[in-house]
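In the two assemblies presented below, chain A is common to both, partnered first by chain B and then by chain C.
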Partner chain A sequence: MSVQAATSLPAPAARPAAIAFGIALAAAVVGIVLPLLVASPVTLSLATQGLTNAILATSVGFLIRQSGFVSFGHATFFGMGAYVTGLLLKHTGLALEAILPLAIALPAALAFVVGLVVVRVSGVAFSMLTLAVAQVFYEIVVKWRDFAGGDDGLSVTLPPRVFGLPTTLFQEPGDMFRIVWVTLVVILFLLFLLARSRFGRLCFAIKDNEERARFIGYRTLMPRALVFAISAAIGSIGGVLFVLYNGFVSPDVLHWTMSGSALVMAIIGGAEFLIGPAIGAVVFLAAKDKLGDITEHWQAIIGFTLILVTVRWPHGLVGTIWHWIRRRGRGGRA
Partner chain B sequence: MNRKWVAAAAVATALAWGGPALAQDIRVGVPTSLSGPWADLGNQVKRAVDFAVNEQNAAGGLLGRKIAVEYLDSEGKPEVARKQAEKLALSGNKLLVGLIASGEGLAIAPMVGRWDALYLSTINKTDKLTGDTCQPRVFRVNRPDAADAVTVKPWLATRKEMKWAIMANDIAWGRNSGESFSKGAQSLGKQIVSENYAAAGANDFAPYIQKIKDAGAEGVWVALAGRDALNFAQQAKQFGLLDKTTVAGVSFVTDNTVATLGDVSKGIYGIVNYSSTLDTPANQKFVKAWQAAYPGTEPSNFEGETYIGMQVLFEAIRKASSDKPGDVAKAMAGATFDTILGKQVMRAADHQLEGPNFFGIVAEQGGKLRPVIQNTIPAAEALPPPDGSCKLPS
Partner chain C sequence: MTLLSFRDVASYYGSARILDGVSLEVGPGERIGVLGRNGVGKTTVANTILGIATMKAGRLEIGGREMKAPRHFDAAHAGISIVPQGRRIIPVLTVRENLQLGAATRRPGPWTVEAIYDLFPILRERADRPGTALSGGQQQMLAIGRALMANPDLLVLDEPSEGLAPVIVDQLVDVLNRLGRAGTAIMLIEQNIGFVRDVVERYYVLSKGRVVDQGRLDGVSLEALKAHVSV
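Showing the complex of A and B:
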């Protein structure tokens, strides 16, 4: 490509992508090195589980950020990713290599079909519809005891190898931390690119004013359903990693409280920022773990924190820090 | 001002994240239901473990070391149980006891080896734990469903009721118990006219009670525990089910539920896995010590079973001269243990402790309403032989 051609391209679109790629690469390296610095297997294991939840929170945050929809049922896709992996391993002779893409594709396809219906409404109605769909799946798993193990959950035994690698990698806290961390970094980077793409900008336009976007000739249903499906696919990746690490899945991961927690994580971290929900997830789970050791009433403290964050720092932790840095950069108070 | 707050928060966070290590102690981890539908059972486990540990520490500890115990709330949920057990095991409390729901035990069983830990069940009843999902590092001291099925059958054979209903928790234990009872009843020519499985923590049993009445059941087999047992018994009384049908169950009318239900529980039959009234010198000594530690109380069935678990665990540590889970597991398999119910063998084939089982009725005894033993099934007969589904590496 000639210099002239390069300079004729919209430079602002290319440079941030290159910077983001550099940041993502650096973040991936940090994640790979980090387990070497953590001596405690408990901390590593908690961090690994926290990161799988961070992927779910990222999917919820992405949906809010990209389309303005607040889902109360995203645990469905996380749970489906986990259950599809577990059930196909248990009941079919399929190889794990074939199961893994299916466990992401099936929830995404379901979300797309459901999305074609539910994205036609917005606000509380959308939230309630996602909650209703989620409860349907929760009840199916709880009641279908012979197939999915009901309330007792499903123990999942992994084959010895997948893609030529030993599956013990997935169950060792240090290795799995690296795998989940890098996956999260890749997801965040791809979402960054998506937000800056033509499709991403169209979604923002629809989010701002759906009627106007439709009026100027864009079809608005399909993009919204696609965003819903992409966010479901991200959630299901979290679920797949969750079941690979834990070797066990129970209906708890499909329950509305899991969806609620993911939403709380996104709000605490700051849903309008790409990285906010992931940060929120880590803070939420670390606080839950420590508060749970101190008091049985940790939910009340989390609830109070949520009220505080919503009222005092409506942009979430990341948003508050971001605005604070910008103010400092301008050398005064905003 | 803001900086001071940030600094204070950072210090508080750093302090909260730290914690004293007790590397020299023998460390026992107890993930159990301190909240949720089985919180009452979890608190019984806690009392029994505290009692056993205090008693042993007062006698000089084990291997010249003190025993330390750490509790975490499993909420009665398999997923939480798995997380809490992992947290305990990876932080050094590798000798695990105390989970309540069978699903919790099944959830951690495949992980115990990965954590280099050992799990000793004192409450989980599903046959699967020592059956097709048995694990080298998983053991059980309490009576499984299969033993309860053997215990109820002689009583059932004497009953004239031909139509029976099942009311159980929709978890591994409830399902297992319901299926075992169905098989036993049908082998005696009786009919199961209604099968009902309620989610753990259900508040409204009215639809189930109505269904049982509509089916014309003459007897009801109940496998509910804790808060579910109390809710069902009270509602069954209100709907007249307890007055018109024969009711029997497992973990349903226990020392604690009888104390709460009072006269409502009178005349209900049930499996008694342990009773403080058992007349053996070892048990009497235990009950006396218990009453000194917890004045005005007697050890309940779950407390007795958990204490037996702690006796087995301590003796295995002594036999192994080590508290490493691998060594303790080796010392436990196939060994004979001196417990408050006499000498009991931990079967090497499936890691199930042999022992007697009892059947009784809630009645007045010594001026107190309690489950009173009517029939004792000796250890040699109480536990069916391993069914071959458990494949442990030799």
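Showing the complex of A and C:
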């Protein structure tokens, strides 16, 4: 038997993948039906915005989960997804069908190149480098008024149709909710498969003990840069959906506070769990909405919640619930 | 061609010199022991091969190629697998995944996950458990199995008997002898003289970073060897 054959994924891996596919399918159906049960377009619109943020939080959480890197600058890729879409629509004659993959591929390619440098360091140094890169892009967009609209932002006019479908779908809250929801579900399912692949396991090994992985014979730079690029691609998908829905993008989406919010969402939800950051995004935005009605100092409450979660529930909401269920399960058997 | 050759090698951690002109060789299919008390530089021999300790003088050849500053992954690609002290199992991966991880170099050879399971049947039974859920002896088997997955020409084991029950050490002796008979060269870095005697053919004794004794084990008394490692 060849080495390659021996290291291919074993048969038992198929069952969790099939279960995950079933769950993803059910979740997609729920998302498609849900707008029928919600009468308020405002609620649907807020939920849609929340889901685009959930995609950004998922990209940040994926990076933490798969590589241990904490990015303080992931809004760069979200913003790039939005700006590349808007700028190419405005300044080139490219069809939206060509622009959409470019708006994901360009941030991913940039992240890969940047990643080859920044993933050589870890901890605070990595976080600070990502923050620095993000601020560079923020300043470029703010200062480049003629091309990118500067502080005033950029209005984006969509063509009437894309892939044979009317683009009005993107700006109708119910339809866009379905599109963003299903996109998020597909991303989560693909990340589940990636985590179970040989590449995903190698990344876990590198995260756990990079030196050990190198002793075994792996060159570890490329896998870490690839994880950074994949997380950037996910973030950019959020940005693309954001600009398709809003028809407008401003430098706010590139600001470090956007990166900070995504990180808070990931931590509150539980970055070590695939679905944690998305749940964190929903909780964060719901809390922001409700608390904003009560006090203008809602950020202080979010900050206090973050401290509480970090100290008391370091695995985040999803992790805490997961461990609670497991403890109860063990107690039940005993 | 030698698989591993140290010639007057001096290795450092920072400015601290640990190996001071060490010369040793391992040829194809040979079984050698590196003996010595704690702190004499035995592990630094492995760490020099891995590029953890910095070689500042002498000549190091790995797989017949001179390496002035080996990178962490060079030894594995040159056919030398190292089972480190403390085993270093990846805790988030299962037994099977830990084994699969070992095939990094994709060198051709007889070792597959199934072949490892045949060598250590207990690993087949524990295949889907986390690597760190195993006992110390089972973790050592997993570490050896993971190293074998690279189909190495030379297997370097750093203190593999440390913390293991005598019955498990006997099993390791049996396994290492089977590997040796199958043609895999073995370098055993150890203090357990009884274990070394049961596996190796030649030995080197280190003291204060130098080779102070070497030779074939035939005719050397257990007491004479123990004198090198007892305090």
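Please note the rule applied: the second predicted complex is superposed on the first by the 321 of 334 C-alpha atoms of A that agree within 3 Å, B and C clash if a C-alpha of one lies under 4 Å from a C-alpha of the other, contacts with A are read in each partner's own complex, and residues count from 1 in each chain.
The rule we apply is simple: a contact is a pair of C-beta atoms (placed from the backbone, for glycine too) under 8 Å apart; a residue touches a chain by one contact, two chains touch by 3 or more.
Keep in mind the model is a prediction, meaning the values are calculated, not measured.
Asks: Which partner does A:Ile307 reach: the first (chain B), the second (chain C), both, or neither?
Replies: So A:Ile307 meets neither chain B nor chain C here.
Asks: Which of the two partners, first being chain B and second being chain C, lies in contact with A:Thr157: first, second, both, or neither?
Replies: first
Asks: Return first, second, both or neither, reflecting whether A:Ile216 touches chain B, chain C, both chains, or no partner chain.
Replies: second
Asks: Taking the superposition on A as described, I'd like to know which of chain B and chain C A:Ala18 touches: first, second, both or neither.
Replies: After superposition on chain A, A:Ala18 lies in contact with neither partner.
Asks: Give one of first, second, both or neither to describe whether A:Ser45 is in contact with chain B, with chain C, with both, or with none.
Replies: first
Asks: Quick check for you: in the superposed arrangement, does A:Val142 touch first (chain B), second (chain C), both or neither?
Replies: It touches chain B, and chain C stays clear.
Asks: Taking the superposition as given, does A:Gly292 touch the first partner, chain B, the second, chain C, both, or neither?
Replies: A:Gly292: touches chain B, not chain C.
Asks: Would you check which partner chain A:Leu202 touches, where first means chain B only, second means chain C only, and both and neither mean what they say?
Replies: A:Leu202 sits against chain C, while chain B stays out of touch.
Asks: Which partner does A:Val253 contact after superposing on A: first (chain B), second (chain C), both, neither?
Replies: In the superposition, A:Val253 contacts chain B only.
Asks: Following superposition on chain A, which residues of chain A contact chain B and also contact chain C?
Replies: none
Asks: Using the touch definition from the top, list the residues of chain A that touch chain C in their complex.
Replies: Going through chain A, the ones touching chain C are 1-7, 10, 12, 198, 201-202, 204-205, 207-209, 211-219.
Asks: Within their complex, state which residues of chain A touch chain B.
Replies: 40-42, 45-46, 49, 142, 145, 150-153, 155, 157, 171, 246-250, 252-253, 290, 292-294, 296
Asks: Within their complex, state which residues of chain C touch chain A.
Replies: 50, 52, 71-73, 75-77, 82, 84, 88, 90-93, 96-97, 100-109, 111-115, 128, 146, 149-151
Asks: Applying the document's contact rule, which stretches of chain B touch chain A when the two form their complex?
Replies: Chain B residues touching chain A: 16-17, 34-35, 72-73, 77-80, 82-83, 86-87, 90-91, 101-103, 106-107, 109-111, 114, 133, 170-172, 175, 199-200.
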